[in-house]
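Handing you a structure now.
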């Protein structure tokens, strides 16, 4: 579809134009040097050129905390809390985060399709934005290019003096209606290079993973890992959750609430009676990495890691998933070529 | 009530304080919005800080403060005998709290430093958590005790159901709130090994987690020390920070 | 009258911490009249030793849950002076706002929950829930708002979080401050007026008792000094805060784990009444008005009136909080980071007026920024000798009354000081042998 | 881009909303275990297979998976046998007939009846593992002609922890059932076998080529039971087993029950042994 040029000094107008039509969720500065998606109140607050947000847009479709039911204890009756349908634009989404949304679409759309997720997800429009890989990104290694526009209604690619705006769907086109844009006729600049790489494709990685159950890297990482769960909670493709009951202080009303959970947490695999099936931090680290590169991937052909680098950047102990994987790859290749 | 497991009788509640700052009790008076609802569900039969009077028996005793004198030990045994359920309220009662910092130094030095030649006027023991002397049924952690956790426990007790303590790191709640990690600001944080339940209150307002809710079960202390050292603390300073609220729990842990 | 009297109130109720009142009279001669502190010693000064300057205020705020904010701010001031950390005007304003919130909270709590039951002949506030629900609801609303100032500005009213050496880890938003202001104007001001009405109706229950003593508090020429100022005595005049030792003269007394203090007489008083006597000219009109209606006049030497001075002061705090919020918003909120780069390592003193009186912290830091020496002097500790002296004068004056009446008056006297015994002291018990 | 292909499910029954079922009978089995008879709203059939489970909940307390203990041949109501171990189960214990209970389900893969059909059926149940196996046992007894011999091995920690004692007596007396029971530790009154459950297996009369076996018990039991069965020569593909993990949703989302790439709530709880024998963490 059509390509336009959006000059830097028109970005705020562009955001305002979108805001006039629908709520716009976009990256905003947060804290000292972080970014987070938030509902845009002032067009000027939006940041399009950012390394990564704290959470991905996942938080809008699978909120960190979510009420599933409310109940009335006096009547002993419960009611579903209806999910709010989304009718909004998600502006400034990186390709890997959108790829992660598609992976979640699979997880929540297949098997037992889940109304909560799908209702929120359904009406979302996406305007993607290119990114310059920093020292944590490695999405190129899992087949996700910084310019990848898959799933977007429109896409912004960074130029020196502005942005190339690709309008990709009818919905995207409708959003641009009434906003004056000049066509873009040049070529996009080459995209930035990744400094982090996984050296084998998913097709081979799955095999390597299968053979790595007893690799020493798990135990070694476990010495440093403090089991805090951060890596799970920041991951755009992690979707495990816990469910808990809340009762208000009048002891008449309450709710059943779910919240994000993570397999790195000791209690996650606990069963009644206190036994923990993945008691060792090493086993939990293995489970996390295998979930990203083996389990669901074997079924879908896609790695369930999108290379955003969040888990590595956020890990309090400085553990890098890329290092773990490359260690497995390196050792697998060495044993594969070693003379018998 | 055939179809509801809820209890109908009003539990008799007593509140006691030992060695501590009484901030946890004060926090109970700070439930301005809920106080009247709370009072509707229980009978408060003894609470020195707020009322005259004394009771012989109670269903639930909330105990604040650590045990630090021979008299404390006597009193806590007496309370345990009179109550069905005993709740340790706040860090001092649950872990010994900041008071236990004095346990990391020889007690003679500590007494001398504060009272000089008069040091023998006052009997003192190491600052002990309540559970080291009598059986504790439930904990409300935090310094001061975490109000949301108190309410959770309170409703559980009123409903006659069990109360399960969270056993995750503060990082989990911190991430649920999408905070920028304070490590990003060049600070340190004890969140990774500290037990959640406070909804990451401190880190959400930009301060580091000081560990007031105690440690998660099976913490990787060596790993945590390493993290703190990586972020610029000496090993000694790292341990001081870890011990602020956990001196009793870390006693004997290998440095 | 040659009476024998043994009063021993063990674990005095409705005060913070554990203390006993002990009174002995033999043949009409008073042998003993004192407040014994039985709170277990906590050894804070020793706990501080060797800790990082980042931790000093975190530890010292745990001295007392009721004045945690006061300890925190005082500690920060001492640390900043010792390490040469400058703080911004915004930081000072936010701290002043916090002190107003904490003073308001504490004074309201004391007047309604701890003292009022005495005036009404009740053992606690709980019966009032049934008999005077509107008063209890009002008290809760005022306390909530006062605590919300703490929650919004310092992250938490008890054991504040965001005030750190050099500033704040989080600056409240404009929206939050506007909302506080709205509630102060719309709720707190009318609630304060109603409080004055309530107290006026109860003021008759305040015993008539006078004993001349020395009053010590901060005084500032610019405002009703709570955050800073000179240390002023009604006997000896003013000195800068660095000379605080001359104004306390701490010594250990056998019956108390808290240290006693005396300056020019055998005892002196700190707290709301001392502030009133030293700085009443700096109070706002609403507070002065309340004072007039409640019968509080300058140079008041009736310690029971301390509760009234607290109420009067609460009005000032509420209105001045509004003025501070206006100033912060007019100046524009700045997203400042705390200044934590020490420029020197030495000794610093902090002196602040907290609800119960003047509080001092003094620290000396080593070159690693760790506490090498610390000293904390707590208001209730300073008042203990004064309480004992009051009792010595009071008991002979009321010796003709029944034991119950005497005991109640003694308890009320101690409660009027709003003693915070867990800082230092504990409750009273009175036993009579006649 | 809008999600066009994937529409939210039109099924009005929400994945997470329990139906309010009625407890019609409560029967104490032992000091710790209780049997609940439950009727779905409007007397609707639950429609389960032996080995399946439901998510049962009490508002304000919690939800947990419980096996269905009654046979599908028992109409109108179903049964759950529940051991008191924690918060929810403790509250359940206090329920009286007439109480309402939240039920979602049935969920999971039960025992593949077609694979058991026309074969001898061997049930190995340890402790509370008898609860789900009882569903199969009674199903076989109610469809006697569709199955071969029924052999039951049941092990319990002690004789006072034996479940369903009146049914055990019936099975024991039934000439069409080869019933064996053992206890780890017997009381003075106990006259039967003493020893762990695996001691029953060597003595069994098995038609090795024509037996289908299902194993259910505490985690420690599986490894030893499997060893014993295999050393008797029972082929691996004649063995099924029922596993247990904590579950928060029961519908394959929450991740708690995941063993490697398998969700117990979806692919289990009843697994074909060859499918999981290489699944690390499973056994």
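Chains: A, B, C and D, in written order; residue numbering restarts at 1 for each.
In the analysis below, a contact is a pair of C-beta atoms (placed from the backbone, for glycine too) under 8 Å apart; a residue touches a chain by one contact, two chains touch by 3 or more.
This structure is a prediction, so every number in the text was calculated from the model and none was measured.
Asker: Measuring from the mean of all protein Cα atoms shown, which chain centre lies nearest?
Answerer: B
Asker: Can you work out the whole-Å distance between the CA centroids of subunit A and subunit B?
Answerer: So the centre of subunit A lies 36 Å away from the centre of subunit B.
Asker: List the centre-to-centre spacing of subunit A and subunit C in whole Å, with centres computed as mean CA coordinates.
Answerer: Roughly 52 Å, centre to centre.
Asker: Rounded to the nearest whole Å, what is the centre-to-centre distance of subunit B and subunit C, using the mean of the C-alpha atoms as each centre?
Answerer: 25
Asker: What are the residues of subunit C that contact at least two other chains?
Answerer: Expected reply: no residues.
Asker: Name the residues of subunit D that each touch 2 or more other chains.
Answerer: Answer for subunit D, listing residues that touch two or more other chains: 60-61, 86, 100.
Asker: Enumerate the residues of subunit A that touch no fewer than two other chains.
Answerer: 32, 73, 76, 247, 261
Asker: How do the chains pair up in terms of touching? List each pair.
Answerer: Final set of chain pairs in contact is A-B, A-D, B-C, B-D.
Asker: Once bound in the complex, which stretches of subunit C touch subunit B?
Answerer: Touch residues, subunit C against subunit B: 11, 13-18, 39-47, 49-52, 55, 58-59, 62-66, 68, 109, 113-114, 123-126, 129, 137, 140-141, 143-144, 147, 155-159, 161-162, 164, 168-170, 252, 254, 257, 422, 427.
Asker: How about subunit A: which of its residues touch subunit D in the complex?
Answerer: It comes out as residues 68-69, 71-73, 76-80, 105, 107-109, 111-116, 118-119, 121-126, 151-153, 168-169, 171, 213, 239-245, 247, 254, 256, 258, 261, 263, 268-273, 275, 277-278, 283, 287, 290-291, 294-296, 298-299.
Asker: Spell out the part of subunit A that touches subunit B in their complex, as residue ranges.
Answerer: 30-34, 36, 54-55, 59, 64-65, 73, 76, 223-230, 233-234, 246-251, 259-262, 265-267, 281, 314, 316-318
Asker: Contact residues on subunit D for subunit A in the complex?
Answerer: Counting only subunit D, the residues touching subunit A are 1-3, 5-9, 14-18, 20, 57, 59-64, 85-86, 89, 100, 102, 219, 244-246, 248-249, 251-256, 258-261, 266, 280-281.
Asker: So in the complex, the part of subunit B that touches subunit C is made up of which residues?
Answerer: Per the touch definition, subunit B meets subunit C at residues 17-27, 29-30, 32-33, 35-36, 39, 44, 47-53, 68-69, 71-72, 97-99, 101-102, 105, 109-111, 113-116, 118, 121-122, 124, 143-144, 201-202, 205-207, 210, 237, 240-241, 244.
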